[in-house]
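Below you'll find the structures, each written out as structure tokens.
There are two complexes below, and they share chain A, which is joined by chain B in the first and by chain C in the second.
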Partner chain A sequence: MIEVKDIRKRYRRRDVLNGVSFTAAKGEITCLIGVNGAGKSTILKAIMGLTPISGGSIHIDEQSLRPQLYEKIAFVPDHLTMPSGMKLSEAIKFMADFYDSWNNARARELMQFFRLNYSDKIGSLSKGTAAKFNLLLGLGQDSDYLLMDEPFSGIDLFSREAIANVFTSDLIEGRGVLLTTHEIGELEHLIDKAVLLQDGKVSRAFNCEEMRYEEGKSVIDVMREVYRA
Partner chain B sequence: MNRYLKLFHMEVHRFRWMLAILMGITAACQISALIWTLTKELYRRREPVPQDIGNTFQVSAPEQLTFEWAMANNQLLFILPILICISVLALYIFFIWYRDWIGRHTFIYRLLVLPTARRNLYLAKISAFLLFVFGFVSFQLVLMPILNVIFKLIVPADQRADSHIVDAISRNLALVELIPRQFEQFLYYYGMGTIAVLAIFTAILLERSYRRLGILYGVLYLSGCVLAVMSPSLLFDSRHPYLYPNELYAAELIMFVFVLCISVWLGIRLLAKKITV
Partner chain C sequence: MNTSEGSTEVTFNNRDPVYLQVVRHFKERIATGQLSAGQVIPSRRELGALMKINPNTVQKAYKEMEEQQLIITEGNSPSRITNDTELLNQIRSELLGEAVSAFVASVRKIDVPIEELLQLVRSKYQEGGPEHD
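Here is the complex of A and B:
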């Protein structure tokens, strides 16, 4: 389980995160929802050790973050993070070289599934194709957790469909997925848990299924209550 | 260790073409300068030259040409490629870090989440950079016997005398600085250079960690380093000779080692704990 406890971060005299706490369990899809600037990406970066926090703690399976844990936790940022001059085949080789948890067979399957060419250069990929390859780099690891930052942001309809299909496939099964979005749209029926962020704090955290049964509200209904209040 | 070597290989691989181009420029410039000087001199010897023009050249050209003479007469075209290489390498001290942050696909995200201690990234970058520097110096050393062979191929045996490559190096202003004759001096030059690179690495990491405020921290840090290494000379100058020359030398050496240790420790710590993307 990813356990985020009372994390704080100040940036340019502003409290970007002001005591954020939540958990993301293995086998569940947890979604961090919030308007732009709510601190969603900062939380993912803090979990991955890509930005220091001023207070609080982050534990993954009850362990503090250390380099070896990067084998267990894969990160898919909101943009592709491989050098533009690299070919897709070289990027895959890079991942295989550095990660013991890299699954080459799965990477090959995903290359076919997303219809990607090994010889294409990273710099020449369209935004949608880059998003697919970015997801491939995350899913290619046999990791317990997958962190995804705005996986649907700014990409075309067909790429969105291809990526959404991944969420209903066995590629995600058994993993703990923590993703961020500011447009819940096509994700609503896929997520198990929603964490709503506002002004650097968690304003609501709930199980989506329970919310539907007990209060008859969808995630979007709760978002309207929180953000329009 | 294994991942350090992979990172080191990656850093070398990323700069390979630039290194090859720099070596190519150096070889092309130096070989063509040598050929041009020798053919010009041989032509002058074959053809009758008006007395007033020939006189000025004849003073520097000996009866029998030597490789040492050829080196001494090729200062500019030997210095130029060396200066180009030094400038590119000096810029690369910054680019080796900033290239991972700039552009549409910021590679630093990936590098920082590799399942290995972040110090390996730091060590890979510094060792790759040192390899480029020493690789270039070695290339220059390898080029010398090649230039000597070219010299022998161009100049007829009856018009040339043998000379040592070491003497040829000492006659060229650029080469004598690049490849000092005494090993102690070599260690001193390149040791100081390495410490300067490490201090700049730390300043870059301060900027990457604290951004705008980091620029100030970086400048202050570099100023502090300069002050630290100069402090023995500043405190105990020739007007206040409290220390023997050997003691002053030891004090400066200690300060260099101090700056080296602080720079490496702080650089690795910033990369592990404070860096932000």
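Here is the complex of A and C:
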């Protein structure tokens, strides 16, 4: 379980995170929802140790953050970070060299699943294809947890569908997934838990099926309540 | 997958628990004979991928159907529809009963004479045809 407790961050005299607490369990898909600038990406970066926080704590499987833990978590940032002159085959080789947890068989499977070409250059990929390859670099690691920053943002319908299919496949099974989004769209029936952020705090956190069962509300209904109030 | 033709056609609404909508989908397919006694149903993962829903939700739906004894899962073999034909026949009456009760409840507010209502139902039903879904 990823446990985020009361984390705070001040950036340019603004409280970006103002005491954020939530959990993301293994075997579940947890979705951080918030408008642009709500601090979603900052939270993922804080979990990955990529940005300092000014207060609070983050634990993964009850251990505090330390370098070895990052073999357990894969991070898919909101853009491809590989050099544009690299071929996909070279980027995969790079990942294999860099991560002990890299799973080459799975990477090959994903290359097929997303219909990617090994000889293409990173810089020549369309936005949708780049998003797929970006996801491949995260899913290719045998990690217990997977963090994804806006995996559906700004890409075409068919690429979004291909990515959504990953969520119902065995590629995700058993792992804990924490992703961010500003629009729920096709995620409504894919996620287990929704965490709504507002003004640097968690305004609602709920299990989606329980919300439908107990209050008859969809995730979008709750979002309307929170963000239009 | 030939055992689940049409499964992909389900459109879920966002406000009812998805697992209950999955259970209902199975009941409808049983009631209309598309699924029969003893038939093997897709695995949890297969159904999740087909319906594009969370595998945990499918798991919950299968658990619910097991509790209602609609499906049987023995050991590691795939889940099947029960062989209890009496139970399967009940499903049709259950679905019909629910639908009729909902209809009657909403139409009662309009306070229409039953003869007029029945006639309306008859003509609507016939013009809609059997494929109406």
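Couple of notes before you dig in:
Keep in mind that, in the parts below, the second predicted complex is superposed on the first by the 229 of 229 C-alpha atoms of A that agree within 3 Å, B and C clash if a C-alpha of one lies under 4 Å from a C-alpha of the other, contacts with A are read in each partner's own complex, and residues count from 1 in each chain.
By definition in this document, a residue touches a chain if its C-beta (ideal position, glycine included) is under 8 Å from a C-beta of that chain, and two chains touch if they have at least 3 such contacts.
Note that this is a predicted model, so its numbers are computed, not measured.
Superposition of the two structures on chain A shows chain C fitting alongside chain B with no clash. Of the two partner chains placed by superposition, only chain C is touched by A:Asn165; chain B is not. Residue contacts after overlaying the shared chain place A:Gly123 against chain B, while chain C stays out of touching range. By the touch criterion defined above, A:Phe75 reaches chain B but does not reach chain C. Put simply, if you stand at the Cα centre of chain A and look at the Cα centres of chain B and chain C, the angle between them is 160 degrees to the nearest 10. In the overlay built on the shared chain, the residue A:Met48 is in contact with chain B alone; chain C does not reach it.
Looking at the shared chain after the overlay, A:Glu62 reaches neither chain B nor chain C.
Between chain B and chain C, the shortest distance over C-alpha atoms in the superposed arrangement works out to 29 Å. The touching residues of chain A, counted against chain B in their complex, run 45, 48-52, 67-71, 75, 77, 79-84, 94, 97-100, 122-123. Chain contact summary for the complex, chain C toward chain A: residues 12, 14-20, 45, 48-49, 52-57, 60. Those residues of chain A whose C-beta lies close enough to touch chain C in the complex are 27-29, 164-165, 167-170, 173, 186, 188-192, 209, 212-213, 216-221. By the touch criterion stated above, chain B contacts chain A in their complex at residues 3, 6, 10, 14, 103-110, 112-118, 273-277.
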